[in-house]
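I've put the structures underneath this note.
In what follows, subunit A forms one complex with subunit B and a second complex with subunit C.
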Partner chain A sequence: MPSVMGLFQSADTAAAAADRLQASGFGPTDYEVLTGAPYPEGAFGEDSGDHRLFIFPLGGAMIGFAVGLMVTAGTQLSYPLVTAGKPILGIPPMFIIMYEGTMLGALIFTIMGVIFESRLPNLTNDLYDARITEGYIGLVVRCEDNTQAETAQTTLAEAGAEEVKQQD
Partner chain B sequence: MLEPLPTPAEIARDTFSRALGSSNAYRLTLLVLFVLFVGGVVGFAIRLGSGLEDRGPWAYYAAVFGFLFTVGQAAPMVSFVPRLARARWHGSLVRASQVVAVAGLLNVLLFLPLIWLVPSSAVRTTIWFDWPWGAPHFYDTIFVLMLVVNGFAFLWVQALPDLASLRVQSGGTHRVARLLSGSFIGTPKQWKVQRIGLAVLGGCYVMNFIFVQSIISLDYVMTLIPGWKSSMFPAFYSINGLLAATAMTIVVMAVIRRFYGLQAYITVDQFWNVAKIMLALNLAWAYHWWSDFLTSWYGRVPRETVVIIGTRSFGENTWLFVAAFVCCFVLPLLILMWNPWRKSVAGPTVVAVLSLIGIFIQRIIDYVPAFLNTQDPLDHELHEAIAIPWPGLPDVLIIVGGLAGAVFLVTWAVKCLGPLSNWEMQECVILRRNEKFLNAEVPYVIKPQ
Partner chain C sequence: MHERPRLTPIQINRDLLRSVLETPLRFYVLLLFLMGLVGLGVFAATLLVTYGLGVTGLNHPVFWGFFIINFVFWVGISHAGTMISAILRLTSAEWRRPVVRAAEVMTVFSLLTAALFVVLHTGRPWRTLYWAFPYDFVRGIWPDVRSPLVWDPSAIFTYLTGSILFVYAALIPDLALARDKTTGWRRIVYGTLCLGWRGNARQWKLLNATGLLLSALILPVFVSVHSIVSWDFGMSLVPGWHVHIFAPYFVVGAVLSGVAAVIALMAVMRSLFQLHDYIRPEHFDMIGRLLAVVALAWGYFYFLDVVFALISKEEAEYEVMKLRLSPPYLYLFLLMIICNVFLPVPIWLFRKFRRNIPIMLLTALVVNIGMWLERFLIIIPTLQRRHPDAFAWGDYSASLVEISLVIFSFGNVGLLLLLFSKIFPVIPIWEEKEGHIWKREFRIGKLRLPAIVRE
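After this line comes the complex of A and B, so read on.
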């Protein structure tokens, strides 16, 4: 499927171009905004999509807690030594390791979540321009066919794009 | 009239040129630091020659670890707090604060010999209550590794967009950027995930930092001295860490500002705002020490007095305590209580350097007596206060080499990632407008929900 990218020097022009794209029949999920810094969500009328990052630290924390609980309870029950009249399953020392497990699980799964949700190992060769890192805005339109790609090219050029690129 | 804001293009040009360029001064600095670090390795080898059976000779080594672990692991928190409060003045201090996390690599290496030096929890009164296996060595190692990994992950997620930009700007020749930036291109979803990732990792970091510092203070300091039971000490130890965080950030900021010529970006605003937090922490330092001291001074329980007063304040080591007290409380208060000095670059920088010196002395007071103690940690009380001796030649080499090693790593990382966070600076500019309000021009800051 062809992709078309329009490169805009200012955010105002890019936002106006996004409006034109929508007026030309492209939906909020049909184009992607590429920026060198985060803009408020929906600033370009785009649909940034859902993510499930919250699940990762939560899941990791639960797994870590469970492992911590098993290690502590298992160790204590396997070596049932009464120390200073304290119960075999003493909460204070168990808490330390359970906390450690919880935090470690949350941490590892968060890193995995960031990598997965950001699709960091992305092997597709997407359109990009070095000027985006200098404040330019890139609008990438994913088209179904060449006719749609031509419409996108015309719309972006008329909206004031400094450069329009196409990738088949 | 407010000064005009830089454009994103100007920010990008200034940050990338400094990250991708190189100078002889930079290479010479790294060389000198490396030579000093090698000296530290020699000092370590001398100590290793005397074996790991006796803790005493390793007392200053432990103090260096304590200091670097406090400072290196604390600084990243400074970037998290303003972000949590949705402040918009912190963009130019983020890199200075987070980059210190790379010193964690050295901290892990410094920690390893300490595992062999302290006894297991079975032969001293610890929070582990005769835990059957691995306490405290195994679990403490995991704690230290966890905090260091958390620091690196926090730094990586924050620097991810900048690494991606460096990869593009260098044409793929920046090896670190190529390796670590993945395929980040700045889509709205990637920004959203990055923002939430930073919030989660930052939150985890604060929780881990306080907890790990408390555990280390108990296992490597307090429980090595017989009869010393203080609920204030772990809190005091952690307060040192929080103070070190602000102080180290200010020092790195001042150095970056001066040597990379970033006066236009790192302004008095950043120093002023962090200095206010630092002053509060200077006061908190004194308050925590006072709370510990007063109870013991008033109670006059011999086993407390010999440690808290005799060893740690007005006894054998008065001169060291007074130096720490003056550096961490008296001088900072006298300097930062005046607004013109607080609202400057020099005032907070001087206080930050003093605070770091004070914290280093405090770590000597913490670790050296604990490692020099020859009594059984299970004894009811310490019989005599422990005097802290001057460091020997191997100790001096270890102190200088350890500090140089940490500075080497931070200097390299600042150059490698860039002295400023390009995307955070650009975001600050994007979300700010200088507008007229009645007859005055004021900055409007957009805070998206």
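After this line comes the complex of A and C, so read on.
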């Protein structure tokens, strides 16, 4: 499927171009906005979709807790040596390791979550321009056929794009 | 923040990538100096490994010396980094932007250095493996998880892993920028590390959510780490260590030394990389206010520690504190109190001093001298009198090997930070640009007031 990218110098012209794209029949999920810094969500009328990032740390925490429990209980039960009359499975000392395991699991899974939900690593050769990191804003339109790509090109050029690129 | 000069994204890229793309002469000078310090440490460590702990001043009853003092000191330094970053992110504090990455990275390198000292303390570093793996496979004997000496590595490992992930997550967009600005093998390396980041709205939304999530998760870990380090002492029955306020007291002390270290790092970075437009007096002003409060809180906890020992009517506790408050330790005690409270706090109360960068750098260094002495005074006098019988008392004087390794630790953290700054931007470029997106100016009468707009 062809895709078209327009490069804009300011956020206002990029937002106006996004309005024009929608007026030309493209939906908010048909284009993505590439920027060098985060803009407020919805600044360009795009739909970035829902995510389930918050589930990942929860899952990681549960796994980390279970591993912490296994390590603390398992290592003590494998050679049950009573020290100073203390119980083999004492909750306060076990809790510390389990707590650290829980937090470690949550932290690791959060990063796994953001990578997964951000669709990274991205190995595709999608349209991109290094000027985006210099403050330009890229509007990448995914088209179904060449006719739609031509419409997108015209719309972006008329909206004031500095440059319009197409990739088949 | 409000005093931020208006800069274009191209200027920001140029300024903040300068340390990565250009290598001035002063970089090599500093590199050589720090490598010299590290070389000294490598030589001392070689002596230690070759001849064993006999080359140190450790002897009965003082078996914890400079190595453990340094371990606690560097764990303390590591505390402020991620804490500052996490708290400032959670509260959306605008002045966090130039500070957070250097603080987070300092956490990582300080923790690595702290962990190194535990390994060195064993005298035979390979024996450290016995802590992690069963040393008797047949009978299934594992390290005792009921010991604080096992809690400690687990807490430090969690904090270290979390801090590395914290740094990496916020680094991804800047790695993509470095990819776009470099060529050849560097482009391949940055391109691989940034995982193909494009900077679309979904990725930015998730990155911001991750920053908040990681901040919320790492703060409880941060509190737990130095609490658990304090339990290395507090869980023992040694007079002077078996103190119930040790956990919060250690955490506050760690924040004090760590935040002071962040100030010193900011001052050095500002001068070394010409970051005057990014690290501004207002940043020192804000951190100075925070430090004044933390230093007073530390003073309060230290006062409690002394008072509890003196009025508890526990003879052993009293004797240990009496030793700490008698010459020659009295002089170190007074120096510590002056360095941590009486000298810096009055200075930090004045705005003009908080905005004076050389003065802030000086007070930050003074605080860290005081905090190192604090750990010395907790460990050494206590161990000298840990036994009630006078024939079991002893002295401690550090050997040249131990002193060299302490010097090495500063060189090591400095060298790692310098190398990091050569490979990665030390100020989050995308966060700096985000600050400019939100910046607005309001006109009220004849005044033009800078402001930051937030959702």
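Quick note on the criterion: the second predicted complex is superposed on the first by the 151 of 168 C-alpha atoms of A that agree within 3 Å, B and C clash if a C-alpha of one lies under 4 Å from a C-alpha of the other, contacts with A are read in each partner's own complex, and residues count from 1 in each chain.
Definition applied: contacts are C-beta pairs under 8 Å (C-beta built on N, C-alpha and C of every residue); 3 or more make two chains touch, one makes a residue touch a chain.
Just so you know, these numbers come straight off a predicted model, no measurement behind them.
A.B. asks: Report clash or fit for the pair subunit B and subunit C bound to subunit A in the combined superposed model.
C.D. replies: Overlaying the two complexes on subunit A (C-alpha atoms) leaves subunit C and subunit B clashing.
A.B. asks: For A:Phe54 in the superposed arrangement: first (subunit B), second (subunit C), both or neither?
C.D. replies: both
A.B. asks: Once the shared chain is lined up, is A:Thr154 touching subunit B (first), subunit C (second), both, or neither of them?
C.D. replies: Once the two structures are laid over each other on A, A:Thr154 reaches no partner at all.
A.B. asks: Using the touch definition from the top, say if A:Ser24 reaches subunit B (first), subunit C (second), both or neither.
C.D. replies: neither
A.B. asks: Which partner chains sit in contact with A:Ile132 here, subunit B, subunit C, both or neither? Use first/second/both/neither.
C.D. replies: In the superposed model, A:Ile132 contacts both subunit B and subunit C.
A.B. asks: What residues on subunit A does subunit C touch that subunit B touches too?
C.D. replies: Shared contact residues on subunit A (touching subunit B in one complex, subunit C in the other): 11, 32-41, 46, 48-49, 51, 53-54, 57, 75-76, 78-79, 83, 86, 90, 93, 96-97, 99-100, 103-104, 106-107, 110-111, 113-115, 117-123, 126, 128, 130, 132-135.
A.B. asks: In the complex, go through subunit A and note every residue touching subunit C.
C.D. replies: Per the touch definition, subunit A meets subunit C at residues 11, 32-41, 44, 46, 48-49, 51, 53-54, 57, 71-72, 75-76, 78-79, 83, 86, 90, 93-94, 96-97, 99-101, 103-104, 106-108, 110-111, 113-115, 117-124, 126, 128, 130, 132-135, 140.
A.B. asks: Of all residues in subunit A, which touch subunit B in the complex?
C.D. replies: Residues 11, 32-41, 46, 48-49, 51, 53-54, 57, 75-76, 78-79, 81, 83-84, 86, 90, 92-93, 96-97, 99-100, 103-104, 106-107, 110-111, 113-115, 117-123, 126, 128, 130, 132-135 of subunit A touch subunit B in their complex.
A.B. asks: Which of the residues in subunit B come into contact with subunit A in the complex?
C.D. replies: Counting only subunit B, the residues touching subunit A are 7-9, 11-13, 16, 127-133, 135, 139, 142-143, 146, 149-150, 153, 157, 160-161, 164-165, 168-169, 182-197, 200-201, 204, 207-208, 211, 215, 422-424, 426-427, 430-431, 446, 448.
A.B. asks: Where on subunit C does subunit A make contact in their complex?
C.D. replies: Going through subunit C, the ones touching subunit A are 8-10, 13, 139-147, 150-151, 154-155, 157-158, 161-162, 165, 168-169, 173, 176-177, 180-181, 195-210, 213-214, 217-218, 220-221, 224, 228, 430-431, 433-434, 436-437, 455.
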